[in-house]
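Below you'll find the structures, each written out as structure tokens.
You will see chain A twice below: alongside chain B first, and alongside chain C after that.
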Partner chain A sequence: MIKILKYSFYDLMRSRWSYIYFLFYLILGFVLLFLNNDVSKAVITLMNIIIILVPLIGTIFGVMYYYNSKEFTELLLAQPIKRSSIFLGQYFGVAGSLTLSLVLGLGIPFVLYGLFKSDAIFDFSLLLVTGAFLTLIFTALSFNIALSNENKIKGFGYAVLLWLFLAVIYDGIFLMSLIIFKEYPLDTFSLTATMLNPIDLSRTLILLKLDISALLGYTGAVFKQFFGTNTGLVISMVMLVLWTAIPVWRLSYKANRKDF
Partner chain B sequence: MIKIELLHKKFGKNQVLTGLDLHIQKGGIFAILGPNGSGKTTLIKTILGMVVPNTGNISVLGEPIKNKWKYRQEIEYLPQIANFPGNLKVKELIRMIKDLRQKSSEEEKLIQLFALEPYLDKKLATLSGGTKQKVNIVLTFMFDSPLIILDEPTTGLDPLALIRLKELIQVEKEKGKTILVTSHIMQFVEEVADEIVYLLEGKIYFKGSIQELMTKTKQTDFEHAIAAIATPTIYD
Partner chain C sequence: MKVIHKLFFITLLLFGYFLSAKTIIICPTCKVKSIKEGIAIAADYDTLLIKKGTYKEYNIQITKPLTLLGENYPVIDGEDKGEIITIQSNDVTIDGLFIINVGTSYTTDYAAIRVVKSENFLIQNVVLEKLFFGIYLEKSNNGRIYHNKIIGDAVDEYNSGNGIQLWYSKNIEVEKNIVQHVRDGIYLEFSDNITIKKNTSTDNLRYGLHFMFSNDDVYTDNTFENNGAGVAVMFSKRIKMNGNTFKKNWGTAAFGLLLKEITDAEIINNTFEENTIGINIEGSNRINYTNNNFIRNGWAVKVLGACYTNVFSKNNFLYNSFDISYNSKLNDNSFDQNYWSNYTGYDLDKNGIGDIPYRPVKLFSYIVNRTPETIVLLRSLFMDIIDFSEKVSPVFTPDNLMDANPLMHKRK
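Our next item is the complex of A and B:
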């Protein structure tokens, strides 16, 4: 698996898009920091961008890479390599290079600005960790979709729909149901609903870490009570790990049973 | 060498292999023939483990291959359509496959044989179909494995390369290797094959030497004999 990972990673590192992605974050980081002059505010702005953009890029890159490397995959399938190694290697190659672009692109300007001397370092690290998780999750989901759809257009469509659903539509449904059922106690419901969407989960985690939960009103207080404690943080992390592990497991399961 | 029992494979509603039995002993060149869509490539891909059969057993070199992958170390496979990752250079692709196989290889000789030196630093996407096929052949023959599977090896080759390929196949055969080959060029099959395996409607319809086939079909010409075999009324 490590060899496949290495080749996929090198392949992506040579592609223009990895650099564009990296440069985008680099410029974004510099602009936000040096125009804003406030690390905490920059982190909030970054969060709003990361929470939407990282899943989108993960989804599109994942689908594109899978379909584009079809030939490479077929070549590898005839070699003495375990099937799951081929697909997991490619997956970690894509997710790894995207994560690297994110971490380096944002990390460099923040380090240059003097992050290590500021107290925002934990907020910022959490931002990068959730960004990395979102990359892993959405690349895995898109690989799953691509593996189950021979038709590129369909696969691409489903992947973008999934992103749209989790990034936008889910919140809409969530808010609607909060309004409709406002007569009832909704703490458990809203907590569970947040847990079931990796984008919402990441957003809530960061917002609470930044201590602006007061903005969220009563629900915010409930959330604060839950996420603010160690148990809450551990459960959220476990959820993010599960969101990564289940699609990755399905990827290797499906890959072992597919015809090429 | 290869033993296949009661192999069934369905793609959706399309039943491709219907209880195929095949036993290929060690050594010699076996041509797998059959009309378009008769399941030749599917058969090859099930042997390689790229297609998972619905039912049936396959053993390669005495070992059942289900859920195994190490046995592919003993197989060289030339795919039908030479689709390579386009942004790799020829040299890099060869190095990569060598790295993945971890086996001794003799690619220099083959590169020379097919005059590929000028292309080594070119990207695969820029190569012509025939040149890609030559690269494909180099990748297949550079290792020393007891089983070689060639799916339409002649596609796009110029006459000189074709002669070289035939020589190469003969050399490998003399080393005692087992070679499976599919082709629609009957002249090529007649020249290289020791035995014919004819697939029809997902089953082995005929297995034997070219001579036996001609006697059976009462034809004097191999191409006509192959054409006649699919229409049984001619010789029944």
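Our next item is the complex of A and C:
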């Protein structure tokens, strides 16, 4: 598995895409800091980018990589290698290189601008951690979609739809249901609904740091417990890990049974 | 000539002082062992010098003009039995005492130091701990409360008292006090012409500073941090609020500043930082908000009905989750030349003022007002999209509510 991981990783490195991705974040980080001179505003802008762009790129990249390397995968399948290690190796290769580009691309400008000296270090590392998780989650989801669809166009379509659904449509439905059922106690429902969408989940994690004063304005014991103590942070982190683990598990499960 | 006059006057005063006033020394091993004893034998304008030690006394009545001067903070322990010092005379000074264990009662407001119907008093350098009410002024005028430290241990509102309470008192200066862990840090009721300066009021159960039916008061350069609500100004007129800091007042009903039925006030040069609600305004008219900083609050300003002719100008609104929130479509307040960190317009003629107006009320804040649970959708892409559509054509928010001249750069 490590060998395949390494291969996928270097393959991506050679293909320049990860450099472009890395450079994009690097430039973004510098521009943000250069224009704002204020870490708190930069962190807000970064949050928007991380919860929208990172999942999109993870999804598209994952699907693309899977379909592109399909012939090579079939070649590997003919070799005496465990199936799960082939697919997991490829997955971790892609996800790892994307995560590395993200963390280095955003990390370098912030470190150069004296992040270690400012007190925003925790907020910022939380941003990077959620960004990394989102990459892992959405790459895994897109690999799952690609594995289940032989047709490239269909696979792409589903992947983009998945992103659109989780990034925009889900929140719309969520909001509508909150407004329609506003006569009922909704705090448990709204927190659960947040947990069931990785994008909302990462947003909540960042909000815990950024807008905690507003979040504490709502009267509700469940909210207070969730946002006012460390419970929120712990639960959200556990959910993020679950969101990564389940698609990865399904990937290896599906790969073992698929008829190529 | 003037100087000579003054000198002459001072010499006269000093002479008078040395001639008439004497000093009575009180200490556990002296002839006079208790403060009550000292007061009993003292003549008018005497000084009681209280040496270091513990005095277990309560209900100390000061009925003549005296100076109680503590040396190295002598402890007066009330043993939770009741009120400790009651001043019922003009010209009393209390300086440098450490008073603990004031009695708690559900029927009487026991205080560490109570001033009743007296004038020209001075209470300074006093430390109060384990108290019910701290310093309680009752129909007393022209006094000064300076540099005291009041540290309570209040847990519930119903059985705790206020740090400094002014009731029907006029022309008082409250300066450089530190008040912590009581119900209301400083409480004013029917008290006019009060100056409250450079105090620090933190961790109080209810309000850091609380005005009720008090007019023409000024409070400047105070710090209010982590209280139930920083300052509550209710049913009062012509209050001036300058240069104060309101910080970290977090919670479901927590405000930096709460204004209720206030008219003709001035709010200038204050800083509101990380409060759930920076300023909560209800039924308040003709108030000028100028040069304030609103930094990282949940709601910088929340307007709840019946607020007319308020003017917000030259303020900085920086990184608040919501800048302004309204609960109606009606607006009679004006916003002019503020800096809004969320402003996305441009300035083509380079005059430092944005070319397109800024609308501080977002559709989302309107939704959150109606369905509070939707707060979990804060900063989601969907919300940004509908906020944008509302910005382009306002339907739910007051359409004349805007800052026509938003600043491009933060006001220093």
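Simple rule for what comes next: the second predicted complex is superposed on the first by the 245 of 260 C-alpha atoms of A that agree within 3 Å, B and C clash if a C-alpha of one lies under 4 Å from a C-alpha of the other, contacts with A are read in each partner's own complex, and residues count from 1 in each chain.
Note that a contact is a pair of C-beta atoms (placed from the backbone, for glycine too) under 8 Å apart; a residue touches a chain by one contact, two chains touch by 3 or more.
These numbers come from a predicted model, not from an experiment.
Residue contacts after overlaying the shared chain place A:178 against chain C, while chain B stays out of touching range. Of the two partner chains placed by the overlay, only chain B lies in contact with A:81; chain C stays clear of it.
Contact with chain B, but none with chain C, is seen for A:72 once the two complexes are overlaid on the shared chain. Counted by residues of chain A touched, the larger count belongs to C, out of chain B and chain C.
Within the superposed three-chain model, A:47 lies in touch with chain C and out of touch with chain B [touch as defined at top].
Touching chain A in their complex are the following residues of chain B: 11, 45, 48-52, 67, 69-73, 75, 77, 79, 83-88, 96-97, 99-101.
By the touch rule above, chain C contacts chain A in their complex via residues 248, 250-254, 274-277, 296-299, 319, 321-322, 341, 367, 370-385.
Put simply, chain A touches chain C in their complex at residues 40-41, 44, 47-48, 51-52, 167-169, 171-172, 174-175, 178-179, 182, 186-187, 189-191, 194, 199-200, 203-204, 207, 210-220, 224. Per the touch definition, chain A reaches chain B in the complex via residues 3, 7, 11, 14-15, 69-72, 74-83, 256-260.
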